[in-house]
Amino acid sequence: MNISPVIEAFLKKALHEDIGKGDITTLAVVPKEHLSLASLTARESFVLAGLPFTEKIFKLVDKRLRFIKSKSDGERIKKGALIVQVKGRTRSLLTAERTALNLLQRMSGIATLTDRYIKCLKGLPVKITDTRKTTPGLRFFEKYSVRVGGGYNHRFGLFDAILIKDNHIIAAGDIKKAVKLARGNTSNFHKIEVETKNITEIKEALDTGVDTIMLDNMSVKQIRRAVEIIRNYNPDVIIEASGNMKLDNIRSVAEAGVDMISVGALTHSAGGVDISMNIRNL
Amino acid sequence: MNISPVIEAFLKKALHEDIGKGDITTLAVVPKEHLSLASLTARESFVLAGLPFTEKIFKLVDKRLRFIKSKSDGERIKKGALIVQVKGRTRSLLTAERTALNLLQRMSGIATLTDRYIKCLKGLPVKITDTRKTTPGLRFFEKYSVRVGGGYNHRFGLFDAILIKDNHIIAAGDIKKAVKLARGNTSNFHKIEVETKNITEIKEALDTGVDTIMLDNMSVKQIRRAVEIIRNYNPDVIIEASGNMKLDNIRSVAEAGVDMISVGALTHSAGGVDISMNIRNL
Amino acid sequence: MNISPVIEAFLKKALHEDIGKGDITTLAVVPKEHLSLASLTARESFVLAGLPFTEKIFKLVDKRLRFIKSKSDGERIKKGALIVQVKGRTRSLLTAERTALNLLQRMSGIATLTDRYIKCLKGLPVKITDTRKTTPGLRFFEKYSVRVGGGYNHRFGLFDAILIKDNHIIAAGDIKKAVKLARGNTSNFHKIEVETKNITEIKEALDTGVDTIMLDNMSVKQIRRAVEIIRNYNPDVIIEASGNMKLDNIRSVAEAGVDMISVGALTHSAGGVDISMNIRNL
Amino acid sequence: MNISPVIEAFLKKALHEDIGKGDITTLAVVPKEHLSLASLTARESFVLAGLPFTEKIFKLVDKRLRFIKSKSDGERIKKGALIVQVKGRTRSLLTAERTALNLLQRMSGIATLTDRYIKCLKGLPVKITDTRKTTPGLRFFEKYSVRVGGGYNHRFGLFDAILIKDNHIIAAGDIKKAVKLARGNTSNFHKIEVETKNITEIKEALDTGVDTIMLDNMSVKQIRRAVEIIRNYNPDVIIEASGNMKLDNIRSVAEAGVDMISVGALTHSAGGVDISMNIRNL
Amino acid sequence: MNISPVIEAFLKKALHEDIGKGDITTLAVVPKEHLSLASLTARESFVLAGLPFTEKIFKLVDKRLRFIKSKSDGERIKKGALIVQVKGRTRSLLTAERTALNLLQRMSGIATLTDRYIKCLKGLPVKITDTRKTTPGLRFFEKYSVRVGGGYNHRFGLFDAILIKDNHIIAAGDIKKAVKLARGNTSNFHKIEVETKNITEIKEALDTGVDTIMLDNMSVKQIRRAVEIIRNYNPDVIIEASGNMKLDNIRSVAEAGVDMISVGALTHSAGGVDISMNIRNL
Amino acid sequence: MNISPVIEAFLKKALHEDIGKGDITTLAVVPKEHLSLASLTARESFVLAGLPFTEKIFKLVDKRLRFIKSKSDGERIKKGALIVQVKGRTRSLLTAERTALNLLQRMSGIATLTDRYIKCLKGLPVKITDTRKTTPGLRFFEKYSVRVGGGYNHRFGLFDAILIKDNHIIAAGDIKKAVKLARGNTSNFHKIEVETKNITEIKEALDTGVDTIMLDNMSVKQIRRAVEIIRNYNPDVIIEASGNMKLDNIRSVAEAGVDMISVGALTHSAGGVDISMNIRNL
């Protein structure tokens, strides 16, 4: 896997945040040439995500560290399983440890939560997507983790898709005006999506010929009704449900017939999984 | 509050992550000179943290935005309460919204969780601290949020305190050797802390004259016994408990008489609180 | 106009490229407190683009310079017309001059060329777009200039649209496989566009249900035939013509009925317009 | 060829500009381990410039790509000729393609235009130089291309030579004062050059003992007269002609006996040459 | 030795400062493929510090240069001794020379001065430390050099230790208040040090239970008295002497019984040692 | 004085080096809104250099600090004199103090040493210049300080002048070949300078028609002889003396009739002057 220069720069900053002027404990306590074998082990069950970045973090600290992987991104890891071993200078291993684990634990947490959502939807033709509710600075990693967990990415940012939300509609006047402006002021290689809160807005949006309609914060019952109206109007319009999607209600939303469900919780509420690193002298 | 250039650079990168080449929806749909008043409102109860950074994010997008604060960092916010209003060009408001909210929600989530831990310890002379289990790149913001929530910061990184952990002890040979190396290889302005797993290690650490002993992953019973031994040996030694500190066990740990309890969950498991932004045309 | 931190950083680098350790002539020859009024004048006729960035460049050198604009971006400037006056310390004016003019001349050159293409298409319902054939590092400025000149932006980069080109088709096997992979591996908020070279490929693409078909390097006759086939198949499919679009053939391509024409020359072959700066002592 | 860290940083930014969060088409459509052989071919005749940077761009995307060069910088390439082949992962090839070509096409365009100017001057003892009228941010690449095309570099920026232009003279009062200030305020390791518009200014400049005189925007007739005056006064003074130097008038300027001719068009008006990249499955 | 990304970035900037757009003499005069063997030789006696960074500087210019070390950091080098040889392209050697030597000379100068201080204290149980009086931007290198010379590092910056200085005391009101605030507002893993100017302040500081007392700018006689008072009060308190420590008075200060002596001169007054580089054609 | 973005970036990094995650003492001990007046006072006599940068450092920490200057760069400051007062939040004052002083002390040290050299040469028509023997990263500040002290700047780096040194001559074969290459491979707006060690080399250099001859490490007697030979050959050739120029021998070198003397010691051996900052509560 190629790590882009931008990602590499982020990882360097993350390492610097922890190491700063130097790992004073390790420099004082561990002899320069001491060698160890470090083992990263799962302390709970989860879906692994972020291993290539973990490897890069270790290598940024010391390019001579050797990485022996037992698992890959996307695998379901059992509690107690060995994930990877890293071999080389003990100083380098201990200095990289926390930054590497912090990233791997967070990314795996997101993949694991995504996987749990996906499982709820078994057999249904619906795509789970993330949102832009990500940790500032970590969007790339978090959206990657969603994909590893089986989800899809919604737009990456404000720059790669047109999504007309309630505040845009307020500023533009109404849905019709907003869509007209969007169409007139951009070339036509972007789909146009509109966020709607009720049937009136849905109908207004349909009349403008939008490509995608987002049903925002509706009840399952409302969603069912909305799907029926949209499908009758134009079966090609894509339907996205959004807002407060939980593990216990997502299946019924999916069964209502939407095409996509976007889930902010995937990135803003996933906790880190528990992974430990233990070393053995070589 | 002065925002340091390093923090400002982080906020710029976070904005760029979301905005990239431009907010294509807003640029197409919202007229250039359109003005609005945006209101940030709490959709649940929480402790606020991060407002000065939120303001900076809005100002980085458009320095002419005006910020009218109703609340400050550290305040307990009730569901439905108005937090702050921002006034100015609608385009700027909508473009800054998500990045600003993502940070504020995450930071407030950490302050809120910290506050819940603190409440469990009412009346006890113990300090709750964070750990280095933070999101890569966000340690400054997360440790700030812990302070806002009433907690204390443990060391910021590998560079500002000496903490001899199990892996250091393995590499050095034993606790005695590790402490001796730490003392010999650094000037004596740092305290020396050692992580211990059992009474044998505690005694070994005490004999080396360390300043602080961390009791790692011990039961409340073990902690009680450890405190007794340490206090008898030298009442000046600081005792820190660490490992799997939950809201339901932390009070009994504190009652066992330790000086500090470090809680990784403050930063690695706090979800974001729910805050909305709505605009009104001006 | 808000200048984003990323753009500001680019402008700073551009200034540094010219100024380096200092403008040794000006520092030696012009007294520190000497004041002037600088006038930027058109030495040929053109469409102006880039004035806000020009202003920013002057302000980055000296924030106390005053900018008195006679013209705005998008205006058609006559030979000899005054564009803007800048007032303040002579040293700052002379040091900023070349970088400011270099950008303004290049951006105006692109807007002017775009404007000439647009004029050829008067009355026809077609959008002219740019391509990714931009100067490395300047895409933002060049795409902005195309918009100022009346054109539209095609995708900004590889990240904000799906465009399956000949090389992708070779790697994937055939158009059908490529489109299937694109659809399966992304969420459905992006349109899918396929580049085609002949009628066979167009039919293959239509069968996969793509949103947009690019007609690459076809003759006007071929384009006419292609448009007929596509419109008959599905009138909603968007048709883009591309490849060697010149001022003398673009009108006939547009008359063939395509929706968009992308023109690489807008950015890779526009020369700079001629603008001078003269100062007067104050 | 060593690529300096500053140049490498520029190339990384240029790649990021195009790739951003990822090449979504290629990631979706091309299998991870798919291998190809890419061929870069000339679609017109030109002088090649920029190949080492092209190679670096590909390697920055994927350091395992192999580069098999058929041509080198400075060679005259015939239409249809193979320039270089790149072998490796198809994803990496397609992701790097546009950025690599954009740079190579622009740089070769400059070398080719320079070469055309040089050819006009066959047999004459005159040096063609560039100016500071370069694309912001790309000066290093553009000045390199001029050298590859057989030209010479004038000063790189404001920092490496003293050139007293009309605006400096206005601010200083007159040529005499300006030259005196330049000489007094700098050590004497820089030559001093003065821009002149007519014979009066030339004489004034000669009297101050400057090293180099620039004849700005003069007719061939004026230039001939100026050369005569200067050579009579002091044969060691270097004479540079500048301003509106075109392919059809440059030979007569050179024949007038100047030492150097600086040509802004080399960098501000060279279009990109046409180079294609085609892949073949391996 | 691992060079951190932050240090590498500094070295790149330092090289760029000297090389800028290119080493114009070397590029013009030395053939591209010319090879040489460069020898770095001591022109005076000193303690070597900075060799790994010197190597990195050469490698940043040209990673194919080979480095054959005769000496290592910390060694006492005799006048005339060969330190290291570097083999490879002459252009790379000459371009890297000055930056590499400037750093090595400065760092060795600091190590050498530190070594001279250490020698004055032979047999005494006292640690010599540096201060924060370092060259802006070079603290890492300068504190490293102090360690190489046998000294210890005091705090790295404002972030890794609590040191209450006279200005803090003025702002807080008195020593008691200042220490109370320091203790209350931080967790207890930092030692607390207070700067004192006289016996009254020392007693005040002792009463607050601080860990370390700095004796600032006291005479040897005052220091002797202070040590006596402090040791009687609490033998565990660490005593640091600071202020105008010279080679001719430091032994008597040490003999007064302090634990640490901090010496600003180590970094702010060490001159560079003299090292030359000569090449031989290969 | 305009501070360029590059210089500002350096100052930010320097501040960050000292402050890192925060000034923990000041944050704990000094109340947020506490105001003070800080006075910077000379503790010895010196020539002031760097005040505008000192101001910028304070302002980067807190843009609301007010700066009341009593002195300016270039002034001779008497021991005990007040240099500048800074007014505002105590926290900001204390956090900026060390970085500001470190720079001001170093820069003033260089200006002061330069001033001492200049005084030795009273009445003689010779220019003292610096060399490239500067602290890595600080060349801009150090060369500025030399100018403030009355000296001149030699070339800034490898990029802004042609100086053929002994190692270049070895690589090129001999002086004649080296100069020919330099002249052929560059345009003729740079002077050409050659380093010589003896009369033979001087004669060789004169025959090539170089602009400047450097006499490297010669005795005063040799320099006298060299000057005579050069002046006889061509009075326009500039003569620079270099190598081991000390305060006690520089006047006799100057009296030998050279035009410039370059002194490495100005930057590599100047110690910092002593300046203190004391605050008073407001």
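Each chain carries a letter (A, B, C, D, E and F) given by its place in the written order, and its residues are counted from 1.
What we mean here is this: a contact is a pair of C-beta atoms (placed from the backbone, for glycine too) under 8 Å apart; a residue touches a chain by one contact, two chains touch by 3 or more.
If you're wondering where the values come from, they're calculated on a predicted model, not measured in any experiment.
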Comparison of B-C and C-D by number of C-beta pairs in contact, larger one: C-D
Relative to chain C, chain with the most remote C-alpha centre: E
Self-contact between copies chain B and chain F, residue sets same or different by half: different
Centre-of-Cα separation between chain E and chain D, whole angstrom: 45
Rounded Å distance between chain D and chain F, as computed from the means of their C-alpha atoms: 33
Chain B and chain D, separation of their C-alpha mean positions in angstrom: 52
Interface hub residues of chain C, defined as touching at least two other chains: 19-21, 139-140, 156-157, 159-161, 186, 190
Sites on chain F touched by chain C in the complex: 2, 4-6, 139-140, 143, 156-157, 160
Residues of chain D touching chain C in the complex: 10-11, 13-14, 17-31, 34, 36, 90, 93-95, 97-99, 102-103, 105-106, 132-140, 156-168, 170-172, 178, 181-182, 184-186, 190, 268-269, 271-272, 277-281
Touching residues on chain D, where the partner in the complex is chain A: 12, 15-16, 19-21, 60-62, 92
Complex interface listing, chain E residues touching chain B: 127, 129, 152-156, 159-161, 186-191, 193, 211-212, 238, 240, 259-260
